[in-house]
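After this come two complexes, each holding chain A, first together with chain B and then together with chain C.
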Partner chain A sequence: MADWQIITGNTRKPPKVVWIIALLVAAVALIPALYTIIRAVDAIGTTPLPPWPLLRTLIVNTILLAVFSAALSGIIGVTQALLIERTNLFGRRWWRIVVALPLAIPPYVLSMTTIALMRPRGIIERWLVENTYATYGDIPFNLLFGLPGSTIVLALCLSPYVYLPVAAVLRQGSNHLSEIAQISGASWRYRLRHVTLPLIIPAAGGGMLLVMLYALADFGVPALLRLPTFSTAIYGRFTGQIDRAGAALLSLPLIIATLGLIILEERLAGRGGAQINRSWRPQLPHALQGWQLPALSVMLIISGAALVGPVSTLIYWSMNVVSASELASRVPLDRLLQIGTGNIAFVAFVATLTTALAITPTLLLRRGGIAGTLLARISQAGYALPGVVVALSIVLVINQASPWLAGGLIPLILAYIIRFLPQAVQSLDVAFEQIAPSLEEAGRSLGQTANNVIRQIVLPLAAPGLQASWALLFLSMLKELPATLLLRPAGFDTLAVRIWMPASDGLYTAAAVPALILLVGALLPLALVLRNQYQRPPQQPSVEE
Partner chain B sequence: MEPVITLQHVTRHPSTARHPIVNDLSLELHPGEILVLLGPSGSGKTTTLRLIAGLELPDRGEIMIRGVSAAGRGRALPPEARRVGMVFQDYALFPHMTVNDNIRFALHAYPKHEQPDRINEALRLVGLTGLGERLPHQLSGGQQQRVAIARALAPQPPVILLDEPFSNLDTALRDHVRSELRSILRTAQTSAIIVTHDQAEALAIADRIALLHEGVLHQIGTPEELFAQPCTRFAAAFMGQADFVTVHRNGQQLSSELGPLQLHDDHVACYEQTCILVRHDDVSFEPNAHHPNAHILERHYEGPMYHYRLRLQSGQMVSCKLPHDNKFDVGTPVVVRYICTHPLVYFIGENARSVATPIAL
Partner chain C sequence: MSTSTHGLHIRVFSLLMMLFLLNACGGSLVSNSTQEVTPITSNLVIYSGRTESFMVPIIVAFNDVYPDISIQLKSGKNSELAAAIIEERANPQADIFISTDMLTHINLSNYDVLAPAPIRGSDSIPDEFKPVNGTWTSVTARARVIMYNTDLVSAADAPRSMFDLTDPKWRGKVIFANSSNGPFQAQVAAMMTLVGRERTAEWLRDLVRNDTTFFGGASDLRKAVGAGEFAIGVLNHYNFELQKREATDNRVAAIYPDQAEGEMGVLVNTTTIGQIRGGPNPTAARLFAEFIISETAQQIYADTNYEYPILPTISVASGILPPNQFRRADVNMQAVADDVAAAIELMQEAGIP
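And now, the complex of A and B:
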């Protein structure tokens, strides 16, 4: 007989070693956030705030950008999901993949190509003037800069955050509800409003909150489209004026707003959603008939703006030299490929590290009681920090505690881990929760220790989820811009940096080749994400005959 | 012989629940015995199983496995140290492991070179020889269940626990699997505790039945005892079709609409009015238009038998089954009488009970 042991909780309670690692992870995640807040609170009163008109502009712009881009991506994502999953739209199987592809396009790349196409005297206006009766200024292309352009660019890039969960609900959810409504004689309009929409609202809401979080934190889009927001202001203070206290002070409202959204998201998560039952059968799609062409046009316009436009522009640029100055600013292709492979290897390494670190907090999230949940939540502190602020807080902490670390790769690695750990914990949690609790209990009652059960049962079964989580991290890290710009050591180049440097000077053609290399590098992880989305991982075998 | 498992005053009362899930439960499992925990859903039977397996902990009381304390007084053995086999309702086969690996998972305490023999032995026992390289999803439901049983039995535990083992099988397969399980357990000389909510299943497979209701043990005994001599009205109603007919005391006799009964003891018979338990095999009827004491209210066809619901003149109901060549219309006036010669149980209130034998007329 084994030793006596005092156990008080459930049998899925993770072993000690999990707690110790999770404690370390939580400390790494919490300390920079905490220190930034302390510095910001210190700075209140001593550091001058920006003048009120400027501050007001920052507040209004940041809030409007978050709200508008969430609303627009909500409309785009829900429309796409309904058309693809619930109607006989032409080419549904292809659309499923196409509408998820914008995940691979960094918003700052879409901003760049959109500026070139749509700005006053841009490619489109020049073509119109040369080929039609239009003259310059007939169409208000100058609206592109500022809020409208930023909103459209962010919404186009981020709509997969809404489309993917909503489509999953529509695909997996019990369609008996809709069928019973149909049998009861409800029209499709009535069913859409009273059955389908209520079913997808939690998923759509969750996705839109993610878009809001992203929009609050985004740096590249407002910077290129000249919309002053908190992110760009913090970046300006940090780099231009080298005013760290001021930057910390400006981070405070951003941290508070982000925390508010996270709390909201917590409360929405887990509501509604899809219950998968065994008797699931695909629903008969709604016949579009005469609406086939309009529906198809909507799909084509959205994907044209989000995918075809930017990609064809990038290809055109990389094959045509526009001016001598742009030619001079170009980096040779073999050097770019070298940067690209180095970048991809680095991101793959940090994504692996982050996935591994995310395992222990995720295990504690639902199995560790109140203390475990708390620890897991603390390790998600980086969620509340936009990339600019993560970079700032790491600089602050490293300067204070261990200046010898500055200048190496460690600060950048830490920034990626802190920034993207919450994302990893969330996707791992989904993977772990799909494993039936009886499997773990069976493992224990067959005489294996909790440690062995985690190693031999939980982790192998969660492998598809681990893989998808890794791929998502890889994508996010490859696209990450502000923290990379601020923390990269001298001589360390990434594709994002190589895109940003010429693009921020308006030399877009020089940014085209690194952007294309980044897109190619993003395709493989995106394929992994999509495979996990469309193919349910092997689960508990069905117990029916 | 020493009991395999002993529960002493075991109570499970989570802080979130208003009532205890298991309330002061004491019982023993003897070597080689098949004990069925029977009860409606929410009666605490699955919780009892999980308490024994160590998947939950009791708040009071003690659990002993082969004379050694496994849980109690704030100390508990973890599930992996209890040497108790468990078969889950969903079988809980590891989907990423072959049948062989699933069984090997349970045999880690055995030396490597012994494992293949043990695995083959376990597969032979459940009749799945040759299927060891299959993955769980390549097996039928019945085969998956037998793998789960083989996995639980492979390390030769003194007892295995089965949670609703037949609920996921279709009716045709059930009877077959039930008798097979009995012979597997006999061959392996393993004691077993089986949880079910199906009284017919319990009667068929159990050596003894423990009847639970709202966390409380109502009665424990052989299937015959529970069916013929239920201790409580709940037990009487749960174990099979039961009707309660009012009886009046008349000296050493009881009178009822169905005829008189002879009292056996009189210390509880001081009440004027009590209820007697009548099952459908205790009575019979024939049409009688002249002196009826009941009429036919409903008729259900059950293949070999007709099941009649009869309304007595007082308005009380009794059930009776007749072979299928006795077809009478609803509304027919009838005379219904006791036909049994064994004592019938009567209740005073919910629990107090005694017996009386019908007097042949």
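And now, the complex of A and C:
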């Protein structure tokens, strides 16, 4: 790749207008982050930090949650990918879709249904006590709350972040080595360890880092499962007192930790990846034989916990009214559908806007030299800001610079853009990278302007990638909770808010219908993501020639 | 995409909801049906620190009288919304602010964002529940009680004082709301006056040392005690009344604590309402504020939510311990408002999440 940059650096140089727009985008992304850091540094000394024991709890919980959920989702995602792509697992074609579906389930929804089922004296323990010899307390259901429950819930929801890239590598990657090893008499164990695993480790590592970033930032799961983390503590400071300084101060360690992970991700992203060549063909699956049943059981248990459990619980709740207070907090279906359509339209609009804004920084990422890379990286500053902190920083900046914007929709739109721009830049970068530089050079050498090359060659060729990126943004924005909760104007309800309001109050049945509507709304973008994942032709136009 | 297209048109709340209300309110709504419908068309933006389920019945009843006032409700935490009101002061978005804690309104009024308009009908509210400058008024009162699960704690064994909760025999069995909860903050602020800062700080530290759980909101808390996940919870009395009336997990009892000689007595706080200065719909705001302290609304709060009505003329629901049957803590809540920041600091120093 580096060689290409040198040879083609001039012809692929983006036009000025790209630079100007990218500069504006970077400013929008950077200023809130920067200002929050300034306010936090300001607050040092004047605002008391939490006492060390609480701070230590926050640090330990936040780190352990990130590490454990990454590890567990790594195990789940890699197992699923290996079974689906490399064995004759029964129903592979279906599993490919099923294991990606948890992407549509917001982790706070899975928390809610898991709490109802698994809490002490919850549905499962009651059933056991009534129908078996078990008594209350025999099984430590109280383990659900805190780290174990939060880890499992996050890992189940986020495992597609590992599964999807690993499965892509396994499907597209060259398997000559594996076949040569097989012909040379290597056992499947040997091949797994020395051929397959090295192939998938970069993809799995990248996915696990994404899970870590998500877990660091997540608010809904630890808030419902009673695990004090930095996100919940910042939310507590944000909502529990009028002064914002405490919240800003607490954001600082979280920003630093997230930055560290992003740098790590940068390092990892450079390595490995799928090697695509023209002699690609599907690999013969490994016969599971007697292991068919155990393998199938593992798949069923994971998907049962991540999909069947929550969805059937939601459906059951939707059809059964439990108590008067739950009834009172229910919003009627027609109103929910109205909120749902409004929500989907809003998210579609902001996702489109964000995708459009992501184009210029992405173009500069590999085409704009050091300055371009820098600018593109700056526009990803929102990555270091969990939703709670994005909301806080926008409030701080608007309060300082333009109080007239407070209370409308603009702060919320800004929050979505800042929060998800990095995700858009990343997936667009993947799409742009697959376009052969030779095509752009050909365009330039035939006398086209840089502008025209981008419009007539780069963007059309990247269209499927743009679409997939848009769909991922749509999914993330539909599920977004903390920033929406804190920044929504009065009367602007999203499905996530309609779920959270009763759920945070323990009125789970009232949250069931909006949760189901959200799941249905998430299916369409998910279908787009999956189509991009599975139908992308494994053979690219001859890139390497 | 303007805010109005997404307005929470509460009046489309389902027939089911209405039936529930009619059922729950007994005769009160029936007598209302003769009341005239008032033709005023307006929006009304309410920021509410109260849980939605406690606001919806009032909004529905209000819309019975003013069907063309379209209400947009933003629910959140008291301080979160108070901070938002301060931040939006250049361009006020809200007309009304309702909180679950008197002290939030007192502190907010210091920022000069509340309209000093005495609400018609507030004359009959006792002076201790409203300020001299008329920027807010109390709506309902609630007592801070100790609720316990009768399967897990016997009546004889039940804690009689807030200070009993630090006893090692309750280690890991007690649940409180967390430090961002307004009523809990107010409790700590009042205790600082009643028993002194040092003793309050020590109490908080002992609670933490005793593995007390500090978590979430009142509804979740009462359910956790009702289900037996925790033996004891500290909450407002109506949460106990609601839990007692649940179809399941209803084996709970409540102690109105600290009644013995020399003890501090029961803490009473109020939910409050205030009109935002420069809000976009002042007429509708005034009408809503008048409505919420009207006998109709007070009766709804008394009958469906078991709170103490702020109007002396409305009686408490049957089965609720009347206000004259327990000794209240001798503290002027309006005077402790300045201590809220110190109370939060104390809770944070003790390590309460």
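Note that the second predicted complex is superposed on the first by the 527 of 545 C-alpha atoms of A that agree within 3 Å, B and C clash if a C-alpha of one lies under 4 Å from a C-alpha of the other, contacts with A are read in each partner's own complex, and residues count from 1 in each chain.
The criterion applied here is as follows: contacts are C-beta pairs under 8 Å (C-beta built on N, C-alpha and C of every residue); 3 or more make two chains touch, one makes a residue touch a chain.
Everything numeric in this text was worked out from a predicted model, so none of it was measured.
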Figure out whether A:Met319 sits in contact with chain B (first) or chain C (second), or with both, or with neither. neither
Can A:Thr449 be said to touch chain B (first), chain C (second), both, or neither? first
For A:Phe492, using the defined touch cut-off, is the partner it touches chain B, chain C, both, or neither? Pick first, second, both or neither. second
Does chain B (first) or chain C (second) touch A:Ala371, or do both, or does neither? neither
Counting only touches as set out at the top, which of chain B and chain C does A:Pro53 meet: first, second, both, neither? second
For A:Ile457 in the superposed arrangement: first (chain B), second (chain C), both or neither? first
Once the two complexes are aligned on chain A, which partner has more residues of chain A within touching range, chain B or chain C? C
In the complex, chain A residues that touch chain B: 1-8, 10-11, 436, 438-439, 441-450, 452, 456-457, 460-461, 538-545
Using the touch definition up top, name the residues of chain B that touch chain A in the complex. 53-57, 68, 74-86, 88-96, 105-106, 108-109, 135-137, 139-142, 144-145, 151-152, 155, 168, 170, 173
Chain C partner, complex, touching residues on chain A are 48, 50-51, 53-54, 57, 119-122, 136, 142, 223, 226, 228, 232-233, 235-244, 322-325, 327-335, 339, 342, 345-346, 349, 395, 398-399, 403-404, 406-409, 485-486, 488-493, 501-502, 504-507
Across the complex, what residues on chain C touch chain A? 1-9, 12-14, 16-17, 20, 24, 45-47, 51-53, 56-57, 72-77, 79-80, 82-84, 86-94, 107-108, 178-181, 185, 213, 215-221, 223-224, 227-229, 242, 245-247, 249, 341, 344-345, 348-353
